[in-house]
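Quick notes on the structure that follows.
Going in written order, the chains are labelled A, B, C and D, and every chain counts its residues from 1.
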Amino acid sequence: MPVGRCNEFVVRCANVNGTGSSSANALLARAFYRMGLPIAAKNIFPSNIQGLPTWYEIRVSEAGYTGRRGSADLVVAMNPQSFEEDVASVCPGGYVLYDSTKSINTARKRDDVTFLGLPFMGMVQQHTNQRKRLLFKNICYVGALAALLAIDFDVLTGLIGEQFKGKERLINQNVEALARGRDAALAAFTCPLDFHAERRDIVGDKILVTGNRACALGCVYAGATVAAWYPITPSTSIAEAFGEYCARFRVDEASGRNKFAIVQAEDELAAIGSVIGAAWNGARVFTATSGPGLSLMSEFLGLAYYAEIPAVLFDVQRTGPSTGMPTRTQQSDLIAAAYASHGDTKHVLLFPSSPKECFEFATVAFDLAERLQTPIFVMSDLDLGMNIWLSEPFAWDDSYRPDRGKVLDYAVLESGTSFYRYLDVDGDGIPYRTYPGTHPARGAYFTRGSGHDKYGFYTEDSAKYRENVDRLRRKFETAARLVPEAALEAAPGSPLGILYFGTTAEPMREALEGLSQRGIELDALRLRAFPFTEGVLRFIECHDTVFVVEQNRDAQLRTLLLAEAGIAPEKLVSILHYGGLPVTADFLIGSILEHVTPSMQRPTTGAAS
Amino acid sequence: MPVGRCNEFVVRCANVNGTGSSSANALLARAFYRMGLPIAAKNIFPSNIQGLPTWYEIRVSEAGYTGRRGSADLVVAMNPQSFEEDVASVCPGGYVLYDSTKSINTARKRDDVTFLGLPFMGMVQQHTNQRKRLLFKNICYVGALAALLAIDFDVLTGLIGEQFKGKERLINQNVEALARGRDAALAAFTCPLDFHAERRDIVGDKILVTGNRACALGCVYAGATVAAWYPITPSTSIAEAFGEYCARFRVDEASGRNKFAIVQAEDELAAIGSVIGAAWNGARVFTATSGPGLSLMSEFLGLAYYAEIPAVLFDVQRTGPSTGMPTRTQQSDLIAAAYASHGDTKHVLLFPSSPKECFEFATVAFDLAERLQTPIFVMSDLDLGMNIWLSEPFAWDDSYRPDRGKVLDYAVLESGTSFYRYLDVDGDGIPYRTYPGTHPARGAYFTRGSGHDKYGFYTEDSAKYRENVDRLRRKFETAARLVPEAALEAAPGSPLGILYFGTTAEPMREALEGLSQRGIELDALRLRAFPFTEGVLRFIECHDTVFVVEQNRDAQLRTLLLAEAGIAPEKLVSILHYGGLPVTADFLIGSILEHVTPSMQRPTTGAAS
Amino acid sequence: MTYIAKPAVRNPALPKNSLGLTRRDYEGKISTLCAGCGHDSISAALIQACFDLDLPPHRLAKLSGIGCSAKTPTYFLGAAHGFNGVHGRMPSLATGANLANRDLVYIGISGDGDTASIGLGQFVHAIRRGVNMLYMVENNGTYGLTKGQFSATADVGSKSKRGEVNIYPPIDLVRLALDLGAGFVARSFSGDKDQLVPLIRGALTYPGFALIDCFSPCVTFNNHEGSTKSYTYIRGHDLPIVDLIPPRQEITVDYEPGARQEVTLHDGSRCVLRKLAGDHDLNDRAAALALIEEHRRRGELVTGLIFLDPEGQDMHMRMNTVETPLNALRYEALCPGAETLASINAELR
Amino acid sequence: MTYIAKPAVRNPALPKNSLGLTRRDYEGKISTLCAGCGHDSISAALIQACFDLDLPPHRLAKLSGIGCSAKTPTYFLGAAHGFNGVHGRMPSLATGANLANRDLVYIGISGDGDTASIGLGQFVHAIRRGVNMLYMVENNGTYGLTKGQFSATADVGSKSKRGEVNIYPPIDLVRLALDLGAGFVARSFSGDKDQLVPLIRGALTYPGFALIDCFSPCVTFNNHEGSTKSYTYIRGHDLPIVDLIPPRQEITVDYEPGARQEVTLHDGSRCVLRKLAGDHDLNDRAAALALIEEHRRRGELVTGLIFLDPEGQDMHMRMNTVETPLNALRYEALCPGAETLASINAELR
């Protein structure tokens, strides 16, 4: 076997949705992981419930590249509808595993790939129940792959055992189906294939988890008690996982009653309204949504900005504009979020790039929201949110206590401290607040989205109005000092820099190595927040050219950089990926190569940190 | 009388709203205009209905400066509540006319202004009806001003006669009140004052009209048949005036039935939804709104952008963020409009700066909307929309026919021309469309905000998706060639340029002259549309420094220039006015002087056109 | 959903209506809904009703929001223009479309999430205005497309596929429509073609707002945990939620007017329908409300035409608009011209 | 509205409630509404009711949307926190606020535009959830703050100050609330203090959603062209719309339960109120609907407590939340801790 092919391959399962394939594919993915191998799994599914083509790509990469690769070494072509297209997606020299129960049109076949037919449907004929046939057919192909790719059979049976714990009959039926598939493959083909899996111990204590689940768990740990949301792909599973965790960890043992409240609102306007109402009233509260929901929230977000209400939003971005492609990924809500609402508004955004960061940024978001008294947007995307990722395990410091920000409690009010809602006492642009009901005689104020002066009183006076919105601008400057600093991911000391964020991070790691092999070195900065930190500005300053990579058509991050950071436009070169599929290292390498000229790569004059 | 004080002054009437003052003040303003004098009138009113301070500033300017001046030469202080503040607003050497019926606290008086007391309340005691007393008291002060400012009495009585035509009793009572005021003033003071009015013939055939009325009339002339709106200050009077004109000019004589339909929707989401539905179905249709409504429309605007539906919106901007100051002006919805909605969206904006342009841009907006098949935003503001302006009369060319854009009708479809909804047949990025119900067998298509290919079919395919959104980007480039070119308002050939739009135009004209007198010359370009035209880009290119003047805090136009036009940030110097009152020439001059250094004003090297 | 293309050749033996069209001319694209989804039965009924009524397919316009239900306009009347808008806002699109051209026949398709949650305000106001349209709610008590959350029409106590229990009382769209003055109010069941087709015919010919609240089971998410027929039971409770959706037969019923019919849903749960015999006073709103209430107490869901206002006013009647569709008025009939403008200028001096 | 400041010294002779507070302690800032506006009477009634109930003012929270009505929370209970949100979205703010702290008393103030138009969906869903609050609609049939457009509760055929005639039927919020399961449903009239104050007391103590749809005449825009008492008549029809608003007296009534009372509005138009005597079956929703309908046919607007559900469930009961307000739970009681996280990590391997 050629070096580098062991534990470096992509399997792509092509199925029809609603046929039970996703659990089979998840089993497969997890099996590689349990063999100690880094994986990336991308579920590419249609915006319907049953009967349309769906793909599941599993990349196994001993080198640890867990971005999407794009092409496939082996395609499991279970969907006659997309067969031709699926065959076309195999790398030359690759394989197609297909169901040979019914004869297949050989005209569709390619010469440069090997076709491996097994009668999967035939293998499950003993089940009279049609549902079971559908299900176990999928398990059979997992079994066949076990043989072809040398997947440890015990790992598979172990996973089945965990999944169906206590249901012996189901375990036996599944294991039997696995064995059938495996045995058929062993009988029919030379197993394993030239590329296949070999046990390693690379993943350590890493976990496999979706970004959405991580966000939800982060909210539990941050002490969120209220959530208000409206279902929308790909954000739904944040609220749902939050509900699950709350049901497990937040029910009062004595009374059996809930220490949380989750409202599935009637729409996104109501969801954000309830978030604002609860936040005003002193709860940690969040919502999760995607583009269309964000648009609907704009008016309320302006209120939260101007009346200074902490609110946490998870925007799991999908392909826009409008309904767009709801099951495809993009990073295209940056401007809609950063400047949400009419009038002069600016919002704080966080950009997690891994489940670990999703978990951590939940706490960061609540702390920032309450510290800054403003909405905080955690900008995730479908790829991060809905796909499982190999992630560092979540970590927690039990000494953490929430930063509830500048809130005056009964004791302080009672002591006679003067309180005016919008007064900049500390010079950081952040005023003090009180929760409703705190003190009988002091601390009450009237919150409004209409003109108010620094004392919190209604005004239509120009100077008082200006004084207040100027303070809000200063508060935004404070925000730039409080948000997470960008992460310098590579610093070979190149005159060329590259700036990116979110789900571009994984493929970028791979791309940087690939470019380096081609002799192109780039200093790489991973953005983690808006407004831009000192670090981001310095990074751009220190480089002659900075590539700005984003997953949208209109270079929205670049727009923010130009507008907010006063950067010369010719310095920022856009790399844009916006087809809706996760970006690949190949794409990044190709795009950067198109732009890099020899003259750009002048000898390094000093370390660009 | 010192030269320049005749026909150059500001009268400021300070009243309580709901006391009948606005008709008295309008009478006063119109009287100067009828004397052939250019005027500017600014109504500064509170966001309530009755009982709060309200001001009406009338500037008379023989020089033709019809921007707001700010200070006042004479204050009519009828509101005890704001008396002190009103006295403070008089220029040194100016006058305060007040009601001396009740004695006034002399401690509040200033030494450098002259107090003119007349017992206005006392003058109307003969009316037993309280309402009449309130009303005629106001007419009395107009009479007094007639004496003090040498207003032609016949002009006043003429206006009264027109207003109450056929109601002799009312005419007599009003004229009597006028006369009482005048006679009292003549008896008590040396009339006229050093500054006063003198008949001229400067206004020619100019008219006095609000921008909102002009927009409404423009919609009538453009052939709009449907309007859907939701009341919101300061846009309401567009829909209301449209209704008035339709009732006059659009009722079918034979049947008495309406050739128009106006829906007061249940909210702005429904308003824009109905606009999109009607536009899809081939009607010329519009909505009018302000910031909060615009925010609520964002989701739908993304649909209109992506599904390519013509829609015309008038955004009469007010002071944001959130509810903000609804009766104050601002130009702060630029970003909210230009990038309305999530995902990659860009919209076309028009910036009228006078009622005449409001009228004309209505037609331009409909033609562009249908030509480009996209929403067009006419960005007006409270100052333009609700105040009366001296404007060139409206003009109309009867040969105008609407540009309905690329619509295939029955005949074309019948002829067998192939039709695919989103195909770029002409290379300008603009596809063809058909109206529902056109042809039994050809031309039907399915409109959707979800992924679609160039043929109009549903897709989740990356390449097809990209092909379509790339065409949309090209269409936006076409838009830049079709929108109104910016207007070069001054071209002394300076290295310094100034860029502005909308209601900044009038005070800018005055400011440019003022600066010129101080030896500072600026080339001045008035922007009329977004995306930016060639002319705008060339203008910026040709100047070393370009001041960008806007009425918002966050330099939103500058953001658009940086993001869309690739301009070096240090070239664009922001002048920002955002207190909610109309910008004044003094403010502009002051702000520019702060920025202009001698070195900026290098000798002219060539004509910057 | 099936991916076998429909035969392109036409069967000359298919019955034709008075326009010379066959049922096929009223069809649309192949459905991508789950096999057995009630929504597909409704599409079939719409096709049948339009065929029966001899409606020229291109003179209809189909509008919808977002959801499985909202996808269906692609699956019928392919010769008509369709508009799949944004979630919950179909009523305003339909209002605008209708304003522009009163001559087309409007079919609005919505789901219970689309109508009773996000779109409730628009639904109510379309009724209030009397937009002349068929407003069809494909009501399954769940959010199909987003995978089984409760909608506002779900019964209290019903259990979702994720095992959650609905704690809020349902909104009855029929009662709401009656209360708000809808002119034509009916309830039906997707599987009852005999009842549904005539109701659609009635709604399409009614000159005002016509609601059909059509119970339309979701084979995938109308799935009660407790049911032994549910596949969650078979798979052992812990698989991903939407994983396997076995193709199912649509549920159909065939029973007499006046009769009571128990329907067993895909998951084994039951509901009781009562088909109105047409012997109640169709024109009395209060009586209609009482009727619903009476049967509700007996645990029955009344189906059929519940109310019809013979005097109902549609939006255009109220607005007194001209007969000619507004989108067909010639520009010359709309522009007051330069001369009038001169007099308007004069008024402004 | 008056700009004379209230005397700062307290009158020791003012009656005190059991908290030792006087009525003045329940007051707010001076109103900026038109003199005689019905909304001010409602504020006065709210002040009286809270005083009567001995409610600690700071344990109430006031929320509103946008409109003249929505301004009023500034004019009562100055010691309570208030939130003047965005137009039509008070119900969601109140829902969230209530979720965070179930221990405060919530007063939501809305207008008929705020509730019946832009806010209709939120209104309905707050009822459906059973948010524990007083929801007061200050219903004048018009958009006061934007100067007199019709709201969705205006009668068909009524004429606006601009001379337009309303062509759409009104939405009856009481009927809607009954239909949607509100627990406490009442209608009243701003000028009927004797009726309104006890109703507010009842609503504030009711443990669930309580609606008071309060007819509240707008002195400025409830103005029928035809009325000889209207000042439009006096000024001769062609002045700017909102120019002179003569100060007026609020309209008050004083009549017995069970009685009928004709009210003459500021413009001379009339309406007939029927005060419920409390002898109807308060707990029967269907009967309540029938009662309203019966009086409507007689041209009477029924006022009083129309329905009360003694078993009504509020949102927190449905959600089974702990007694302690969620905003008062200690962080230690909320965070599962590092150890649990380790086991969660283990599940994810």
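In the analysis below, a contact is a pair of C-beta atoms (placed from the backbone, for glycine too) under 8 Å apart; a residue touches a chain by one contact, two chains touch by 3 or more.
Values in this document were obtained by computation on a predicted structure and should not be read as measured data.
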item: Farthest-lying chain, centroid of Cα atoms versus that of chain C; value: B
item: Result of counting contacting C-beta pairs for B-C and B-D, higher pair; value: B-C
item: Chain B and chain D, separation of their C-alpha mean positions in angstrom; value: 36
item: Approximate Å spacing (C-alpha centroids) for the pair chain A, chain B; value: 44
item: Chain C: positions in contact with at least two other chains; value: 86, 117-118, 120-121, 124-125, 129, 152, 319
item: Residues within chain A bordering two or more other chains; value: 47, 266-267, 292, 299, 303, 322-323, 448-450
item: Chain A contact footprint on chain D (complex, rising order); value: 56-59, 61, 63, 73-74, 78-86, 89, 91-101, 103-104, 121-122, 124-125, 129, 316, 319-323, 326-327, 329, 331, 333-338, 340-341, 344-345, 348-349
item: Touching residues on chain A, where the partner in the complex is chain D; value: 33, 205-209, 217, 220-221, 223, 225-226, 228, 245, 249-250, 252, 255-261, 263, 265-267, 269-283, 285, 299-300, 303, 393-398, 400-402, 434-441, 444-450, 458
item: Residue ranges of chain A in contact with chain C within the complex; value: 17-23, 26, 47-52, 80-81, 129-132, 134-135, 163-164, 167, 170, 230-233, 236, 240, 243, 264, 266-268, 292, 322-323
item: In the complex with chain B, residue positions of chain A that touch it; value: 46-47, 291-292, 294-296, 298-299, 302-303, 305-307, 319-328, 330, 332-333, 335-336, 339, 341-346, 448-451, 460, 462-463, 465-466, 469-470, 473, 552-554, 556, 558-559, 562-563, 566-570, 578-581
item: Sites on chain D touched by chain B in the complex; value: 1-3, 32-35, 66, 68, 71, 86-88, 113, 117-118, 120, 143-147, 149-150, 152, 162, 164, 220, 231, 234-236, 238-240, 242-247
